[in-house]
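In the two complexes that follow, chain A is the common piece, with chain B as its partner first and chain C second.
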Partner chain A sequence: MSYTLTEEQQLIQQTAREFAQEYVVPSVAECDKTGVHPGEVVNKMAEYDFLGLYLPGEYGGAEAGYLSYILTVEELAKVSGAVAAILVNHASAAAYAVSRWGSDAQKKSWLTAMAKGDALGGVAGLEPGAAPGAGADRVVAVREGDTYNLTGMKTYVANGGAADVYIVFAVTNPEAGAKGLSAFIVDAKAAGLKVNRLIGKMGLRGCQWAELVFDNVKVPAAGLLGGEGAGAAMLAEIQAVTGVAEGAIVVGIAQAAMEDAAKYGKQRIQFGRPITSFPAIQTMLADMAANIHLTRLAVYHAADLVDKGEKFAVEAAMIRLFAGRIGASALIDVIQIEGGYGYSEEMAASRFYRDVQGAILKNSSADFPEKTIVAEVLA
Partner chain B sequence: MSKILVCYKWVLDEQDIRVNAADASLDSSRAKYKISDYDKNAIEEAVLLQEGQGATVDAVTFGGDAVKQSLKDLLSRGPDKVFYIADPSADKADGYVTAGVIAAAARKTGPYDLIICGEGSADSYNQQVAPRLAANLGLPSITYVQSLKLEGGRVVATRKLGDCTEVVTVEGPAVVSVVPEINKPRIPSLKQVLAAAKKPAEEIKIADLGLSPKQLTAKTVSLTVKGFVMNRKNILFKEPAQADNVAKLVAALAKEGVC
Partner chain C sequence: MNMADKSLTQEQQRLQLLAREFTAKHIIPVAAEYDKSGEFPLFIVEEATKAGLICNAVPVEYGGAGYDSVSQAAIVEEWAYGCAGFATTLGGNGLSCYPLLIAGTDEQKKLYFSRIVAGGLGGFALTEPGAGSDAGAVATTAKLEGDEWVLNGTKCFATSCGYASIMIIFASTNPSLGVKGLSAFIVEKERPGLVVGAVEHKLGIRSSNTVELLLKNVRIPKTYLLGKEGEGMKIAMKTLDMARPMVASQGVGIARRALDEAIKFAKSQLDVNGKPLAANQSVAFKLADMAIQTEAAKQLVRNCLRLKDAGLPYTKEAAMAKTFATDTGMRVAAEAMEIMGAYGYSQDSVVEKLVRDAKIQQIYEGTNQIQRLVISGILLKD
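On to the complex of A and B.
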């Protein structure tokens, strides 16, 4: 791995930065206030090739590599964690699954649409009160001839209600435990699939979470992704590759928040001098800068592993563990530095704080990262 | 098919330049480079003509070694090809030298139906290159252009002149300088960024341009460059009657030459 970005990667980073300022900034406050999916911004992201950034050129993607995509996510997150999360749930979760395990026919139809931005994706994995496939309301898929009938409920589906296609994890063999879980590509317009409700949340407002109800949704057998029983391993890999991108969201949010705090601190005069001249403030900023830098390096390294087709599960788990901690602590310090302004809605710190909490933690209860890391340590 | 040349400068981003409060000296050690903002309008206008009328667009730049970093950025914005003259002498070049170098390059790579420049550069903003380039090439010069059309061999331009406009028509080829109002430069899509790597970039050695030492010697010499620090006067008017405060404010502004 080279420790400097290529000229191309720097240009992609610059393009994403300019895009965020031009097209994301105007809708940030409204998106945070209403929690409504920012469709126009997503359409613009499609126009600028963000939705298929790392996906294969053969299927309409830009094939720029996962690291270039990560740089884009980071730049978007500096302005809006929600918009970055929409992209991540589409590209790292749903589109990744089709790209990684889809048949040629599935890729031609769905991956092409997802890469071009004609279809936004989401992953329906979680179930109320339980791990995927283990809940009382779990989605069960029963094969009848050339179709599967899906029945049950999914919750916390990111991009829910806005997505055009879902990767749905359903139980095909109830006796087989985790090995009975399978994935399906399901058209959001399929008969019997209903958005039961949108779930209000603390941050990342605009990246909608929804509860989906499956009432005898008929999915053609050709919609089975990666074969029966492959779901649990697929879900783990999706969570890992998504975790890398979520690390980039944390880095982006924390970097933007730190820059705001430094700017504010240089202007805020206390006892006749800027508060950034006080060691306590300097220590906070130094800790933040070091933590952000280290997390960024870990994220770039993991993205490089993804690009090279090497294993990245342990590195992704480390990112989820570390980024989750440093994101929250950075934002607490930012609010301390900015004082009343930071706590108020006059500055972005309170939104950053709410967003950073959701950026990395939402999968932790189902698959805590320490387990993956320690398994490697003790191997 | 029309052939257009667009000129651009690779400058330090002014947002990254810090002014030392003690002596107003400039610290550009952390500054990154960018395409001069005014030149982005020139590039966009050339690309709009390329898209609207099927023109081909070449770009040219003259700068120090750093100018090589600009090529993909430039090509991602739409031009078909870029010529660059990378030479350390560019650091001391003024409008006279720069226009001479670009004119010599244009003679080599042209002929062109239209040459487009930004109204000035984002760093020195001397607004010299476009008219000097026209004079050097013996072409009509149209400055401060806010709208532009190519009609057959004619160039039709609307010039922005203070509070009025002037429509000018000349037989091409011509050199125009455009103002920011002419368009809104696009942000290249990621596929355009990636495609830039496949477009041609050709270096022209300054020694191959046939310019004399005199033509490469600046006519102006920069003695110092300092930052501008604005100091607030913090004058408060506290008369009981508001009318008196207004009168004092007007008098103070008049004293400063504001009104």
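On to the complex of A and C.
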């Protein structure tokens, strides 16, 4: 593939850049301080078709391709990792699931609403203390006639408390282990579904995390997504396609932070010269520039595979393995360059540092990108 | 948890356990709350005074504890295990005492240490907006007028100085000489003209007080000059030699805590098959790596301090310990977060705080770039 962007992609990138400056910048400080979902910014993103940017036109999407969407995520992340994460959890996680595995009826009702921005989505996969479906508090779905009855708890649900619809992974066959996991489309207003609490976190504040409690939530059988027992494979694919977008969040944050550090370093005079004239500082900047560039290429390449309908699981796993680390390492160096000033909240670096750490979270118990990669190596 | 390090002497082990109990009782239960509010934990200074842990660096003849350096470091490590912000506050007191040990007269020591022994905080103000790594660029001036020095200038990132009772302030007595014009002074907080400016809000060690200090015609007696005129840089460098292993110990404390949290998580978190995460070799080996680095950092600190306590040169070793141990604190905290995923990133866990706190030790008391300058300078000298 060529990494030269098409005119349309460049236009979308430029639009996202301007959007971020005009509509996201003003909300950043408040959002980081309060951690509250920035509803107005999300509504504005809907107006600009960001929420359905790569989704099919047939269901209200803009059908601009995954790479165009990735470019948008990257531009948003340069300004706000939280806003980018809200979009990714909606579009790459929840809407992707409906688009990929939904029936025509499910798509007509939910995907259309999600693409147009009438319904914000979130995925409820994780459970406290264990891999999805393996813990004491897991959500169990019991079929009773034409409905499933969901009971249990989900945690670290991104867009939790703000979403209008959740893709919930619940156990339909407790004996089958991971093979007993199934996905459901659940209306956030469903009776018995309660936001137990919002969970404070290091950064990406504004992309809310919630603990959800399911107390006999009745889901119509038509809300089952992709068939009973298909949940584990779906979760893995969602993780992969989301991972590509999360890589774009890392790239955006790290790029913006590097530019800040370069700007600061050129003005910071010590020992009679700008600190960027010292090889020790130059080495740090060169390392991060190389890491960011290579990660960006990997992200664009994986997005291109998604667009072409080719396999992308291994490429996505490589991004998930690598990008989080290079993001953290870049920000550790950015603050090092900016010194005491970088460590203070006055400069953006401290927020970038907190945000980048959460862009790609390997949710440990179920999730080793190494497994996916090594399976390919040993094949 | 309650095992002392057997490689320490009996007395060092006793102090290690004393500090560990102190941390468990007074620091760990409130650390998250103070991190959130950014409030200064003045109570901890009182508690540490009561526990006999406040004037660890003050010699016995001045009413202090006069602990050896290995003990002092072991105590700092315990504090940092609980909270690096608290450790910065309590450890900052030690830092502020070092210039007196290096260059103070008997009178000066009495003046300074009497306040510390009574539970007052000490401060150390060297950094300025234009003088960070380049300490020789200090623009604060001190002029002799009759029997008094008159100080003018602005200091920044001054630890605990919003609450300090007495402090060491660096100023130039002869700006035309650059580094060789730098001198060190004792200043009490009540001196007219000494004003606490803006308070820094920080990424981590949020309970530690970091302020700007404004000096407008601050008058102090002629006898408050430490050492001789122009010896400021030498005093500052020797002070930092002494302080660096203590900052290194913060890195060790953070790494130990991160490792303990990661172990706890790996043993309790279940995978898809209902097995603990720790049963996976890739996780278990990562824990082993974290432990190796933490232990190496701790021993590097102790080796350096044994050299110091034996009166041998230790500048290079102090810089090595500071760099390695603070890089280790940062790395191990980040690795704990990687193992712990969403839980580690959430404020339900202390690990996100460790990742924020661990960044500052790579910066203060001389950035790790300055340490490498010191180390390579010594390596390449001959």
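Observations on the structure shown:
The definition used in the following text is that the second predicted complex is superposed on the first by the 376 of 379 C-alpha atoms of A that agree within 3 Å, B and C clash if a C-alpha of one lies under 4 Å from a C-alpha of the other, contacts with A are read in each partner's own complex, and residues count from 1 in each chain.
Following the convention adopted for this analysis, contacts are C-beta pairs under 8 Å (C-beta built on N, C-alpha and C of every residue); 3 or more make two chains touch, one makes a residue touch a chain.
Worth saying up front: this structure is predicted, and the values here are computed from it rather than measured.
Between chain B and chain C, the partner in contact with more residues of chain A is C. By the touch criterion stated above, A:Ala130 is placed in contact with chain C alone, chain B being left untouched.
Contact with neither chain B nor chain C is seen for A:Ala316 once the two complexes are overlaid on the shared chain. Once the two complexes are overlaid on the shared chain, A:Val186 sits clear of chain B and of chain C alike. When both complexes are overlaid on chain A, the residue A:Ile238 reaches neither chain B nor chain C.
Touch criterion met: A:Gly200 reaches chain C, while chain B stays clear of it.
In the superposition on chain A, A:Ile12 makes contact with chain B only, not with chain C. Of the two partner chains placed by the overlay, only chain B lies in contact with A:Ala62; chain C stays clear of it. The part of chain A that touches chain B in the complex is made up of residues 7-8, 11-12, 14-15, 18-19, 22, 47-50, 53, 62-64, 68, 72. In the complex of the two chains, the chain C residues touching chain A come out as 127, 130, 132-134, 137, 156-157, 200-204, 210, 265, 268-274, 277, 280, 282-283, 330, 334, 337-343, 345-348, 352, 355-356, 359-360, 362-364, 367-369, 372. Of all residues in chain A, those touching chain C in their complex are 126, 129-135, 155-156, 177-178, 199-203, 209, 232, 269-272, 275, 278, 280-281, 324-325, 328, 332, 335-336, 339-340, 343-346, 350, 353-354, 357-358, 361-368, 370. Listing the residues of chain B that touch chain A in their complex gives 69, 72-73, 76, 187-191, 193-194, 196-197.
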